[in-house]
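Pasting the structures in now, so scroll down.
You will see chain A twice below: alongside chain B first, and alongside chain C after that.
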Partner chain A sequence: MSHASSPMRTGSALHIALSWLLRNHIWVFLALTVLVFSLASPYFLTLNNMGNLLTQGAFIGILAIGMTLVMIDGEIDLSVGAILALASALAIGLQDHMGVWPAVILGLLSGAALGFVNGTLVALSGMHSFVVTLGGLIGIRGLVFVYSGENALMVQDFSYTEIPEVYLGPVSLTAMIFLALALFFQWVLSSTRHGRETYAVGDNIEAAHDSGINVKRHKIINFTLCGTLAAVCGILLSMRLGTAEPNAGKIWELWTIIAVVLGGTRLQGGYGSLWMTIGGVLTLAVLRNGLRLLNTPNYVELMVMGAVLVLALALDKLLNHREGS
Partner chain B sequence: MDISLSGLLRRHGLIVAFLVFLAGVALNADAFLTAGNILDVLRQVSITGMMALGVTFVVLTGRLDLSVGSLLTLLTVIVVDQHNSAGPFAAIVMTLGAGLAIGAFNGILVGFIGLNALIVTLAMLSFLQGLVLFYSGGSNVNIANAQDTWFAVFGRGDFLGIPVPVILFLLGALVAGLVLQFTTLGRRIYGVGGNETASIFSGIDARWTVFWTYVISGFTTGVAAIIMGSRVMGAQNTIGQGYELTVLAGVILGGTSLLGGSGSVWRTVLGISMLGFIQNGLLLLGFAYYVQWLVTWAVIIIAVWIDLGAKRGRIFA
Partner chain C sequence: MTDAILKVKDITKTFPGVKALDKVSFDIRPGEVHALVGENGAGKSTLMKTLAGLHQPDSGEIVYQGKTIQVAGPLDARQKGILLIHQELSLSPELSVAENIYLGAWPTNRFGVLKKRELRRNATAALEALGCGFGPDARVGTLSVAMQQMVEIARAEAFSANVVIFDEPTASLTDTEKDQLFHTIRSLKERGVGIVYISHKMDEIFDITDRITVLRDGQVQGTLDTSETDLNQITRMMIGRTLDTFFVKAKEEFGAEVLRVEGLSKQGLFRDVSFSVHEGEVLGLYGLVGAGRSEVVETIFGVRKADAGTLYWKEGEIDLPAARQSIDMGMALVPESRKEQGLVLMMGGRENTSLPHLRLFSELSVMNRTKEMAVFEKYRSALSIKTTGPDQPVSLLSGGNQQKFVLAKWLCADPKLIILDEPTRGIDVGSKSAIHELIADLAEQGLAVIVISSEMPEVLGVSHRVLAMSEGDVVAEFTGDEMTEENLIDAVSHHTQQVAAE
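Our next item is the complex of A and B:
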């Protein structure tokens, strides 16, 4: 097993720092982009904008936490955007009938249940998760439309939209939830049995099975976590917007994959961490926020994103190749 | 060897289930199995079907192409815009050229540099969507002389009572099938998808093989864009959004394996047509439009699971 938390050869502090940077090169890139945008726009490096940036990044960020767990397992979840839409529709649609918090809890449960369905189908059938969750992406979006009937649902009681309006300095509650969840799951990955098993399963599933890990149950747990986190994102989004649109979160699964891969977590499984994912999420958020502050047209953002992703992948291949040889 | 019912189900379960579905709808909706309706469904699936032909080549090598939806948007915008400024013939040439070029670019990144296909084509999806907005300036484009251009034949024309897009799709499927079955490239594609290492050791240049599959995918998307532009006589900036997943769903539904090496063109034609007939049948039965998505979900899971189970010899992994 070779993964982020394995002990390194003893060396100087410089060597340790260098090899950490080599593995987490996204943070170097993040620092560079922050520097460039700070020089380019006087509005970028302000407390207020940093707070905004964190809030903007938090939604993809929360999805990316679950995606990271699933991806270290060597799987993928394409259905998170649709699960997000269902959770936000349920949270808003049901609160007139049963009150705010029961509706929110039902929204969360819907995410957990759909994640459980995804995980169970993957584990029982042996199908690739790409196929299972591609089906889920299509079908769950159908569920959203069946429930909300093509209309955007609106909150009646606007105190609902004030729930996330809690700030710690410039940092919003949404951003705090993202950071807290990311730190918690990084602890899970690096310091718990479930976390170690995640790397083991992603690295070599046969070996993991032979060494006594219940691979099926393990995968079901991670897919359930991923679905639940998608629902958390959907509920925070419904609180921020005050509406639930049936098309909410469309192609967010793709942005999420971009953020995670940008961070350095590998699609092949067995390698990655939430430190990397936080770096990827923040880089994505900085790029989007910075380009908008510079008043660039929307298409520049899309093209830069595509180019950065390919560069990150090429860089990762290059570094990986060097470490291997 | 095995002509029992269970053997039949195991080998051709998908077709049997599809026929049962067709019969069930036909009994409840008189308009379903009429020549007019069948041609309508085929006309509807001709665009995604055309794209799926090229994507089948890519999937057979064990790789993915998620950029085809954005590429369809870009090429439709190009063909419509150039039709107004450079004329229909030049517009078609430019569209196919652009499709080939972007396919080749994907092919270089995946085939020669060896980057992960999912991420490369995902990046391309984003990049091309940006290129669309750059090219069109965010506004919709329309063909000015929609009433009197021979360009209309690709999307709206009929030949011997059969819609031209259907003829193009079936012709494309025939050519694609022949290429896969009877050419060196076809055999190499199956070889690379089946076992890449073994294929390289037996002298196949996997890099070129993968490269060509992406070029083919770019080309079929170009043809699809011509049909789309001709049928709509215009293009919005999101006209192809999400098509990459519909196309992939059709390919998977047909039974082509995402791991590569196993699958065929006729399976893709079947899978894409099934999606079309499910949509059409449910609408004729009076269900809401989006119910088809729920059914598609169930059908994909069941079809792929049965297929996998039959190969494995038992249902559960």
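Our next item is the complex of A and C:
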């Protein structure tokens, strides 16, 4: 019996690193893609481009943080793209009436409120989150069109767009916010009661319930977090663009899910981490950025991305199978 | 005599349509192992779930350590020191051993941040107290079932439980693992923990328990000291005397042999099973749950693989079949758990009836609805099934009517042998006798029928010949006047005592 745990205790640093890589295979995949694009394009591996890449990836990344929490719970949130659009429209549309920061806070609150509604519906009605948030995806998008009068809203005061123009070397404020949030929520997952609950609920909901975990409240919290993070993403996007398009963030929920799944978080729940999600987000960003640098036509880009997704998941099966045996 | 640590007084619990517990009272003393026995549906699980806070009783009270308590929920029960070890383990495979021991009750500071070191230290202490050979960091999903069970038992240490309830703990353990479990149970007992032990396996109950409480139909039949009773008495109390039902037996006109089984064995499930069944004959297979009855017929049908044995179909030797072949040959198995194995609940009766024989009802893969409807109507009237129409989802039907559709679906392929596993479990009396009549009809039409049942009057009432099974062995065969309840009980209990003595 004792040998089951002994490798973990006595394992060398190399062994620990290897088993970490096996569970976070996406980083291997990421290194490979970086290598390929570095060889293919001289502009790829430059500080400037790396900075751009991080900023581009940060938007999907922030959505992916919330999505990871919800997916470890065994649920899904398809409404993040629409929530993003609403928060961004509110932040820009309201700032003429009440000033920049109150508008931003209202935008954030709208995301939290919609996330709360999603979570409450899922937890209390017993409907699958796929259905509930699919409704959210359509309904909230409709709300955005109503609010914006089907037009893109423009900022009047352009100092708004300068807020995220803070750089640490090549790293933008947006990218820093993404990384900071990712690290914070990784800490939540690994070191707090809420984090343990997340895994327990997604892994074996019966056991979680029988252990006295308030499964419903727990899910509502994670959906609320996911909605809030979507609003954060929307507000950062509105700052970056200076406009709020009613169509902003359309199908971003799909890219977000792809990034999370690419990272290795299990769709059925119970397994995953933000290390994996960061890896997935960066891989996605590298692919998009690299293919554009090579002037790949849009449709080829989509084909490559599709193939990569399937490949990465096949790799996941292969590696985890080996780890299991 | 020591005072009881936990007393249950007159607990009643009703679910829609069923009185699961009817004024149940019993008590657990510190340092005793108290068995709770009864047939399926007797109320054992409901009682345990009530103690563990998973159900709230309608009336009655629970007295724990001298005080009347309310068990608000599972965590509350655990914190009070009442721990239920589920039959299907209640663990999170992706979390570590330590995290699972404290599942839902992790030590944290007031901001909800885990105290990882404390968690690990306490878990290590609990594991060491039990003498577990694994550490707190292993992922539970990588452990064997027996080790996972130890993780649950470690909760008893971690929460200083005073009462530990084991629900069928040996169901998936090997013999060595079982010995280790019993060792653990005895050491818990020595420390004054009160243990409730639920099992169908009588040898275990006589091996490890001090007292036995028998439940039947939600009522306590009695509590006895294990040393002062025997299997015979317990079995009688469990099964009881049901009201005499009128049974129809088919005429004894047997034709050629349909199936013969010789020396069928499967390690750990059954040994050296031999019998034969003829056209027009109803063969009863009696035994308590866990005797290996279902496993034997599943092996014959090809759902399970045997280690050894020969099958003869119409006097010709055949390879042990796979399920598809056995259907084609003319065998039908109506399983015990019709909801899980027998019916697609969302489908209507028409689609369920044709499901195993789609080839008979289709041309070039296109379903022939007229044919389907004809067969549906035929069995609806033949078995007098109460349904609003061919497409009413079978989930809306009563247990008896569901069971009739299960029969219909196998009958419409014209089988030569039909095996019915607990055909009347959980259905109302009216449907029961309809199914008994049907069994007689089938036999008179020349089918060979095997009926498995743990209801003695039923198996004696419908069969021409009865085999008694116990602990995986066929222990006796009775025909004619020898077919009495006394003989069956004696054969089974005598054998169990022998096994226990070994």
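One rule holds in what follows: the second predicted complex is superposed on the first by the 314 of 325 C-alpha atoms of A that agree within 3 Å, B and C clash if a C-alpha of one lies under 4 Å from a C-alpha of the other, contacts with A are read in each partner's own complex, and residues count from 1 in each chain.
The rule we apply is simple: a contact is a pair of C-beta atoms (placed from the backbone, for glycine too) under 8 Å apart; a residue touches a chain by one contact, two chains touch by 3 or more.
Small disclaimer: the values here were computed from a predicted structure and weren't measured.
**Q** Contacts for A:Arg196 in the overlay, against chain B (first) and chain C (second): which applies, first, second, both or neither?
**A** second
**Q** Which partner chains sit in contact with A:Gln156 here, chain B, chain C, both or neither? Use first/second/both/neither.
**A** neither
**Q** Is A:Thr296 touching anything from chain B or chain C once the two structures are fitted on A? First, second, both or neither.
**A** In the superposition, A:Thr296 touches no partner, neither chain B nor chain C.
**Q** Between chain B and chain C, whom does A:Asn247 touch in the aligned arrangement: first, second, both, or neither?
**A** neither
**Q** Which chain, chain B or chain C, ends up touching more residues of chain A in the combined arrangement?
**A** Tallying touched residues of chain A, the top partner is B.
**Q** According to the stated criteria, A:Thr46 is in contact with first (chain B), second (chain C), both, or neither; which is it?
**A** Neither chain B nor chain C is touched by A:Thr46.
**Q** Identify the partner contact of A:Gly270: answer first if only chain B is touched, second if only chain C is, both if each is, neither if none is.
**A** second
**Q** Is A:Ser211 contacted by the first partner chain B, the second partner chain C, both or neither?
**A** second
**Q** Find the residues of chain A that appear in the contact set with chain B and again in the contact set with chain C.
**A** Common to the two interfaces on chain A: nothing.
**Q** Which bits of chain A are touching chain B when the two form their complex?
**A** By the definition above, chain A touches chain B via 78, 121, 123-128, 130-132, 134-143, 145-146, 150, 216, 250-251, 254, 257-258, 261, 267, 297-307, 309-310, 313-314, 317.
**Q** Residues of chain B touching chain A in their complex?
**A** Listed in rising order, the residues of chain B that touch chain A are 66, 109, 113-116, 118-120, 122-134, 138, 241-242, 245, 248-249, 252, 258-259, 288, 290-294, 296-298, 300-301, 304-305, 308-309, 312, 316-317.
**Q** Once bound in the complex, which stretches of chain A touch chain C?
**A** Going through chain A, the ones touching chain C are 1-2, 4-5, 8-9, 191-197, 199-200, 203-204, 206-213, 270-271.
**Q** Considering the complex alone, what residue numbers of chain C touch chain A?
**A** Per the touch definition, chain C meets chain A at residues 52, 54, 73-76, 78, 86, 89-95, 99, 103-106, 108, 111-114, 116, 132-135, 137-138, 142-143, 147.
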